[in-house]
Amino acid sequence: MTVKVGLEEMREFLDEVFPQVRGTFGIDRMDAGGVTMRLYNHDRHLRPGGTVSGPAMFMLADVAAYVATMMLVGKQALAVTTNCSIDFMRKPAAGVDLLAMAEVLKLGKALSVTDVRLYSEGMNAPVARATLTYSIPPAR
Amino acid sequence: MTVKVGLEEMREFLDEVFPQVRGTFGIDRMDAGGVTMRLYNHDRHLRPGGTVSGPAMFMLADVAAYVATMMLVGKQALAVTTNCSIDFMRKPAAGVDLLAMAEVLKLGKALSVTDVRLYSEGMNAPVARATLTYSIPPAR
Amino acid sequence: MTVKVGLEEMREFLDEVFPQVRGTFGIDRMDAGGVTMRLYNHDRHLRPGGTVSGPAMFMLADVAAYVATMMLVGKQALAVTTNCSIDFMRKPAAGVDLLAMAEVLKLGKALSVTDVRLYSEGMNAPVARATLTYSIPPAR
Amino acid sequence: MTVKVGLEEMREFLDEVFPQVRGTFGIDRMDAGGVTMRLYNHDRHLRPGGTVSGPAMFMLADVAAYVATMMLVGKQALAVTTNCSIDFMRKPAAGVDLLAMAEVLKLGKALSVTDVRLYSEGMNAPVARATLTYSIPPAR
């Protein structure tokens, strides 16, 4: 699968499409094998005890699957998530960023399916896994 | 199944356990048949176009399943989501609250399973559906 | 939503499309509100102890979602399941049929989403719940 | 994670616990990194056109997750599947075995979570992916 969007271009695209979350996410890596993104360790994503909340983990998985899909199909702001299954397996570590590794398993004409694993930075065991389906609008 | 927590008591419990989201959710109904909650139509949950974002829908489904479970087992702040599957089916309407109707399908010793349907207030067709599993820590 | 296929016509269609499972399933009810199907209590679907196996429960949920979708879009043998989430909640009762109640939550141009609950005949509490997405090929 | 059951011992255990499906599955590989199993290309698992049916794919994913879990916790016939999410991504090839690669992502005291990818033998792109949760009964 060929990468159609460069790293700098993708960062600008995310800021433009999701201005509300500007500064929330970073893109560490983006190549044919997949995407690594991070959720910065901000107060507003935390549960009591300092660990990342479930909705924040969902949000990171969702945006990582979006970036991994956009990278392959080109910038299509109107792609939408149609399905997500997520397993929360371990408590995230407090005080560190959350990382997402996303891999597109299927890229069809109308749908993409992406596997995502989430890790607390510096830990080996995943804190969560998710699979997301994106519906890709037909190019005009 | 017997309701173990009253409405006012549950509202106070939510504020205490999730102080970061105080004022975000309302509980409309809570009885043996289930729970109806609402996500107030706030700017910070919105995508461009004024509709509710996916992570905000996930958050509402998650908290509704939590309240529906707590109502039946008693207040156990340490219950955690272990699994969620969610289908996003329609674009939420702009400018209205999002409602969640949650029904506990199974209440075991260690796990609960809850079905949730999400609606834009005033609409008949659901915007999303979700099923959530909560792990319930053994009572001390 | 309008029903496009009659009960007798659907039974014949199922026998024609899935000849390997002829005699395995019955359709009890089929109307705008949904579909009730049954898996006959046959030896070959059983686990030791006489209860229905997980794959047999999946198969019933899948065929019930298929029938519920076909009823609304018309007979399209080429529709395929793209996603399923299923929760196994209770052990099915031994020696009775398994029932599925299926309700289409969304019928789009390319996808349907159907909720299914499974019951041991004569019991009130569901043994399983499932949600299935079908991809519907464009009509020629 | 340590492997507690040898390959020959696991084959005998499967035949003993699931006598109805004797001869249906093979175990190719079983080590700390995971398990590779195969569904033999039998007529009874096929749809018209010669490809493997959805329920047969579910069955293979389920048994592969079971074997991957049993390998790590020891033989516990009473473990049961509580949740599965599965994405069907491509049509399996006709006339070849179906392979499952299973990896346990979490092994807790009461639950395991296993990721499975399914391939038609000789093909690179996965035909399906699944995640299964097993409930593990407390050892006596």
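Order of writing sets the chain letters: A, B, C and D. Residues in each chain are counted from 1.
Just so it is clear, contacts are C-beta pairs under 8 Å (C-beta built on N, C-alpha and C of every residue); 3 or more make two chains touch, one makes a residue touch a chain.
Fair warning: this is a prediction, and the values are worked out from it, not measured in the lab.
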item	value
Farthest chain (mean CA position) relative to chain D	B
Interchain centroid distance [CA atoms averaged], chain B/chain D, Å	34
For chain A paired with chain D, centre-to-centre distance based on mean C-alpha positions, whole Å	28
Distance between chain centroids, defined by C-alpha means - chain A, chain B (Å)	23
Residue numbers of chain B (touch at least two other chains)	82-83, 85, 87, 89, 133
Topology of the chain contact graph, where touching chains are joined (line, ring, star, complete, other)	complete
Parts of chain D lying in touch with chain C, wherever the complex brings them together	17-20, 44, 46-48, 54-56, 58-59, 62, 80-89, 91
Residues of chain B that touch chain D when the two form their complex	82-83, 85, 110-111, 133, 135
Residues on chain B engaged by chain C in the complex (per definition of touch)	85, 87, 89-90, 105-106, 113, 115, 117, 125-126, 129, 131, 133
